[in-house]
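Sharing a structure below in structure tokens format, with a few things to ask.
Chain lettering (A, B, C, D and E) follows the sequence in which the chains are written, and residue indices restart at 1 in each chain.
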Amino acid sequence: MKIKKDKFKDALASIAKEAKVFLPMKGVYASEYRVWDGAGEPFFERNTALPPKELLFPRSERMYEYDLNAGTVTEAAPDEKIVIAGIRPCDVRSVEHLDKVFLESEYTDVYYRARRENLTMIAYGCATPAPTCFCDSMDVVPTDAPGADVVMNDAGNSYVLTVNTPKGEHIRDLISSFLSEGKADDVPAVSCSLKVEKPDDLHKQLIARFDDPMWETLSDACLGCGCCSYICPTCYCFDIGRENRGKTGTAFRCWDSCMFSDYSRMAGGHNPRPTKKERLRNRYLHKLAYFPERYGTSLCVGCGRCIDKCPARLDITNVPDIIQGSESNG
Amino acid sequence: MNDNLAKMREAAKRALESGDVGYVIGWGATKFPDKTSPLFMRKPEDAERLVWNEYAIPGIAKYLLDDLYPDKPIGVFVRGCDSRAINRMMKDNRIKRENLRLLGIPCDGKDDERCTICRNRNPLVYDELLWDEAPTPEPKDRYFRANAVEAMSADGRYAYWSEVFDQCIRCYACRNICPACNCKECYVDMTATGFQGKQHSRSDNLIFGVTRAFHVGDRCIECGECERVCPMGLPIMGQTQKILKDINELVGDYESGVDAESENYLGVFDLDDKDEFM
Amino acid sequence: MSVKETNDPKIIAFCCNWCTYTGADLAGLNRSHYPENVHIVRVPCSGRVNPQFILRAFRNGCDGVMVCGCHPGDCHYSTGNYFTRRRFTLMKRLLEYNGIDPGRFHARWISGSEAGKFRDTAEEVTAMVRKLGPNTRYREYARREMSADE
Amino acid sequence: MRKYSYFPGCSMESTAKPYRLATEYVMGKLGIGLVEIEDWNCCGATSGHTLSEALGLALPARSLALAEKRNPELDILTGCASCYARLRLAMYKARTDERAKYIIEKTIDMPYAAAREVYNFLDVFSLPDVREGIAERVVRKLTGLKAACYYGCLNVRPAEVTGAPDRENPTSMDEIVALTGAEPVDWAFKAECCGAAHQNDAASASRALPHRILRDAQSNGAEAIVTACPMCNLNLEMRQDGYVNRTGMDRIPVFSLSELLAVAMGASAKRIALEAHYVPSAAVLARALRRKDA
Amino acid sequence: MSKIGVFVCHCGTNIANTVDVERAVASARELPGVAFASEYKYMCSEPGQQMIKDAIEEYGLDRVVIASCSPRMHETTFRKMLKDTKVNPYMLEIANIREQCSWVHTDKAKATEKAIRLIRMSVAKAARDEPLFASSIPIEKRALVIGGGIAGIQAALDIADAGHEVALLEREPSIGGKMAMLDKTFPTLDCSACISTPKMVDAGAHPNIKLLTSCEVVKTEGYIGNFQVTIRRNARYVNHDICTGCGLCETKCPVKTDSEFNHGLSKRPAIYKLFPQAVPSKPVIDKNSCLKLTKGKCGVCEKVCPLGCIDYADEDREFTETFGAIVFATGYELIDWTALYGEYGGGRYPDMLTGLQFERLVNASGPTEGHIVRPSDGKEPKTVAIVKCVGSRDPKKGKSYCSRACCMYAAKHAHQILDKLPGTRVFIFYIDVRTPGKGYEEFYDQTRKDGAIYVRGRISKIYKDGDKLVCNGEDTLLGKQVKVMADMVVLETAMTPSSGIEELATMFGVARDVNDWIQEAHPKLRPVETQVGGVFLAGTCQGPRDIPDTVAHASAAAAKVVSLLNKSEMETSPMISVVRREHCCGCGACEKICPYTAITLEEIDDRVGAKRVKRPIASVNSGLCQGCGACTAACRTGAIDLLGFRNAQILEEVDALCL
């Protein structure tokens, strides 16, 4: 199936009749997935500065409200239908990872589930990886996203669509009047310029080198901010707080980052990760060792956002490089 | 390789070889030609990894707070902005001059908008100057952000800052890079007191913005690092510039970090300070 | 929270114990009437007032904020209010710069003998804030149905 | 060179001939340029403001607005206390009272910014450099001439409009007069009302006013009265018949500060038409010029 | 959870008339942390206090909120009461629902709502109260009395008689003040010198009193019980240790300069005693007029002095002493009428006198030995005009207040003129005649009977005509203009605070009112105290008053001082700053802002990783900290906080209001 590019917005308008449509768009200051207002242009040239995780796992989410006067607790039940049109394959992969955490472990997160069930993803096959992108080293195919409901790829003056799921079929039906026949195998292969070589047992090697001095060198320039965590599509740590107003109030959760010094500080003041070395190591190991150990896949999807945005230009790909280097050396 | 880089490598090497310093902080290469990363040189041969080009932008003085009690002095390459950062932190009693070995490198301006308002390319404090000073070009409007915002209506200003802080992800990169943000503990991390709400809401984000500006305001060295590091590209110097502009309007020429002695505006008073209330 | 209460401005006044708080007491002694909207928080000195108190007040629902202390030169602690003056001259300008209406934040010098000035200020500020209506800026609503950001 | 937009006023054109001639002479000597305001009109004293506030403000304001339009860099100068009072008030009101400014501009149908100051001769003669100039240009001394400096009420009052430092015992004229070698006497009626405005409509009530001024000057030893206003000058001269009849005192010459300065700077009696005075005043000046320093 | 007791006071009807106390109590019961709430007619009364104590026992309360009058009124009362209970006296908050609610509002429903909010705020703050414990500081058992007029003398004598040391400081070379200048005192007409000089002598001779004449305060530090006052003794050039006060030098001195004691009505030498009965009765040299000191010539006094007391090399000397209490007795001055009243000639006419000049003129020891004659020509006046309220009761021409004593001394002046020069015509121009005092009205009445002519109206102009002073005015009772051809005019001018009061008040941190009089701590209930602990007021430094009131005021101040000095130590407020060491980064922002140098940077031992290090942090000296909290606002981290007014407590109040 194909859709002419000049019909793309008309198609979105049909979808917008029954769901809130999010598009990658240029913000005033940074690009992100924004609600489509019916007119705005999609921004497909580069991946967004902010990952789409916010749509499933908001920066700040009010979980429930309580009123002790009335004796009531009202839980939030997000029920809005959301369609992301133009999500990149790396970000689709990140949603698959988040699903593992929030849905597939023994605990199911109700807020995440409600949003996830209401989400349809139309992936945009990546034709222009950025210099910092390395998703194809992390087992993502830039032009394909099996986890998406629909995949679309640029084919000159039109997009080629592939439907993967019943949700995708529903989208197809909504926009059928704008579709014409066409094949997906037109799509040329795309390759990232940044390549990461990693041994298959990377996670084991890393854990073995928990006390290696390399962590100190790697974290030398770390400022200890939360930038990498917050723009990472798969970082999912959160903190829970309350906004009390006398006998009424609300409980919320908001993003938190293991890079902050107070993240791991305990009530008595002890901090098991007292310096940036321990904190950065934890973050890297979580991406490349702990998660693979538990779920069998790397938590890093190779979107390259943290490399691009880190104030100190830290680069997660240096970690496998070091391992690979020492392996080949020795 | 340019001459200056050779001088820097030589100086770093010499310092490390002599054993006078524990390590030297400068800039190193990354996998990307247009990015450099702060480099910590521990061995003389590390000096070969030093780079000096128009992308040697990141501020490196703030790392001194990571190592307040070094066994040996720390070597730091200091441009004008780094030297003001060091003055700033010395004035705030956070670092000690005797722990520093300052290798002065007059700066040639970098590929960054913030450098156009630079008033001191030449280092103001150093132990050794690696090459001759050159005059700092006439800086652009010192308050370029604040002037633009001031020109807006009150509603316009609120809308402007709302738009800015709606995008703020509270990663605190601006805080962590800022040499004036040098508290041991930051108020935002002490949620129990209640000065800062943790929600990523418009109000809590705006309050963070204003509070950060007020905490830094009279001590801002105008290096622009807060904006450079912002992953969202937010024009937050507009807040600190406003405070500096007001101070300059209220008491005349005021600049922070040009030395390690001058008092902070909010740390002193004058009997005939302007009285705008009442 | 009733609708009526939201329409009636809430004004908080951080008053130094020695001058303005005393002045407000004197206003009471004189039976000087002023609006019920002004609520005094007693602090030892206007120099005790952290600008972050003001932000918190706006955040949690005050429509107007006053910071009041002794006249310059009259500080019970001799210099506290000189710092107040510097601090809040900047803060006031910064708040305006951020789009907070200048009518919502007032810093005043009111001595222990200026009961009349306290009353007049309370009236003036209340009238001004009433005209401006409920404050929505910097406001964090406790409950969702209220949280229509401006 | 100092230069002013000059508002002569009606008296200068008529009864105050010696004042006008002497002023021209003195200003010429001092190198002070007077640019007469083109198409100036009556200042409105005294009837204008008693009839309507708008009229009272608009009349003087029109001349001021014309002056500021034509010569925006010049301050305004006048030699008549009544004119000064009206002009200065219009300036003051336009600066301090938005409503008054609105009325003024609406009535005269011209913008009036009140950007320039309004001065009287005392203000200008008291400027340090002008005083120096006077001292330099005094070529003959009026040695020992006992002079009562009469400022009149309107050159100093009301203080918030005129900005006069002392409205009860002003001294600026005394200091200028002393430059000529004359001796200013200490007396108590320097700034009392001479009643000029009411000599015609309320003669019985106001006739005593010039009399007590004349009397206090004479009883404090004055040989002559020096004025800074053509209206005062006229009134104090014209009422002397009644004064002599009532008190049995002698007549006392009254002349303007400009005349005193002109004489000291060398002007002949004819040059400044001293003969036009109602009370002969040449003799007392001549006597003083003959006197040698003690 | 805390167990807070809320007690709402009716204050008779003061609160209950405007605030629905029962509703307030009911709503307090609903507040989190409140275990008990009740009301009573008078909480501060004995049964009221008992009720609170009982409730604490019965309900196991751990903190108390009292909604009543201003905490400035009864906070101390209730703290004292809590001392006998299990509740720490600082676990107390007072909601001010009287001065700041019931008295200023009229709408009962709205006032009740506000009272409820105020109580809510106090409860929220109380929930974060923590037990605090007062420490005590020793009290230096010495008092400093500043000003050696009748107020200062009286206060010094009373304190000294109670057995405490007193330093009596006076900037003039002699104590005595204004009262020593007066001739007779109303209404009894006893001789002022006869009753004040014995007191001066007593003060000079009292073993507990140290006279500090020719002295001024230049700096103060410290606080109640421990004021370190730096005093400058201006050079006297005469060694008082050996001088016997024989007076030979005075008679030989060739200089004649205006006598300040006689207000310029006579001359004095450059080496002089302020007046013949001066205490100490020893001369000083006026360095501004002495020929030796100004021109280097003369030296006569040195030559004639039989004891060699003269020391031209004498210098100003500064010394610091410690006092437990301070009494301000700085008195008054007369307003400078010449600057205000150009229409009265602005001081050009010598026969116009102020009240104090007239006192000297009529005084037997004055320049004319008591003969009432004109300073210009020495003639006795036939007609005298006395003008009252010159500079008083008229904000456009001086001060808005009434100077209180003028009506009576104007009557006295009239009486004295009529007594000494029978047949003189005395006109008194007045606005009102105010005679509140024992025997005052009778005295005024007698003066009128003596022949004084009271004219109700003000004088518009005074000028000289020949040798007469012509007074133009209006008799407002007759509605006619009047003109008095007077030979002498006496202006009864306004009292104003003594020069230098601003600097002195600022040094001690004492507030001044709009007219620069020293502000008392409470206009009715604490009229001799200031807001600064340990600083008391005596006499006219607080406002115009006459001699009996001044003396009473001075004795009252002395009683306050004595009761303070009788204690050996004093409790200090525990509401001081505290530092959270682990948060403090030692930046020193608080140190610079502290007005009491109570904060210093101290090196503490700390660990960073495995390293032992010395780390600077702020440290608070509890003896010096006065609890102003300026440091807290300077601390960005919030590492320094104020006990009793913690950041979190103030924020709780804010939040509670916002509910």
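Please note the rule applied: contacts are C-beta pairs under 8 Å (C-beta built on N, C-alpha and C of every residue); 3 or more make two chains touch, one makes a residue touch a chain.
None of the values given here were measured: they were computed from a predicted structure.
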{"item": "Number of steps on the shortest touching-chain route linking chain B and chain D", "value": "2"}
{"item": "Chains in simultaneous contact with chain B and chain E", "value": "A, C"}
{"item": "Chain occupying the most central position, where position means C-alpha average", "value": "C"}
{"item": "Relative to chain E, chain with the most remote C-alpha centre", "value": "A"}
{"item": "Reference chain C; chain at largest CA-centroid distance", "value": "D"}
{"item": "Distance between the centres, which are taken as Cα means, of chain D and chain A, whole angstrom", "value": "89"}
{"item": "Chain D and chain E: spacing of chain centres that average the CA atoms, whole Å", "value": "51"}
{"item": "Separation of mean Cα positions, chain C and chain A [Å, integer]", "value": "45"}
{"item": "Centroid distance [mean C-alpha coordinates] between chain E and chain A, Å", "value": "72"}
{"item": "Touching two or more other chains - residues of chain C", "value": "50-51, 56, 60, 73, 79, 83, 87, 140"}
{"item": "Multi-partner residues of chain B (at least 2 other chains)", "value": "187, 194-195, 197, 199, 201, 266"}
{"item": "Chain E: positions in contact with at least two other chains", "value": "582, 593, 634, 647, 651, 655, 658-659"}
{"item": "Inter-chain touch pairs (all)", "value": "A-B, A-C, A-E, B-C, B-E, C-E, D-E"}
{"item": "Contact set on chain C toward chain E in their complex", "value": "1, 10, 12, 14, 17-19, 21-22, 24-29, 31-34, 36, 39-45, 47-51, 53, 56-57, 60-62, 70, 73-80, 83, 87, 111-114, 119"}
{"item": "Touch list for chain E against partner chain B, complex", "value": "582-589, 592-593, 601, 608, 611, 613, 616, 634, 636-639, 647-648, 651, 655"}
{"item": "Contacting residues of chain B [partner chain A, same complex]", "value": "30-32, 35-40, 58, 62-63, 66, 163-164, 167, 169-173, 175-177, 189, 191, 197-201, 228-229, 231-235"}
{"item": "Chain B-facing residues of chain C, complex", "value": "50-52, 55-56, 59, 72-73, 79, 82-83, 85-101, 106-110, 137-140, 147, 149-150"}
{"item": "Sites on chain E touched by chain C in the complex", "value": "70-72, 96, 98-101, 103-107, 110-111, 113-114, 117-118, 121, 502, 506, 509, 511-514, 519, 523, 531-532, 575, 593, 595-596, 626-630, 632-634, 642, 645, 647, 650-651, 653-655, 657-659"}
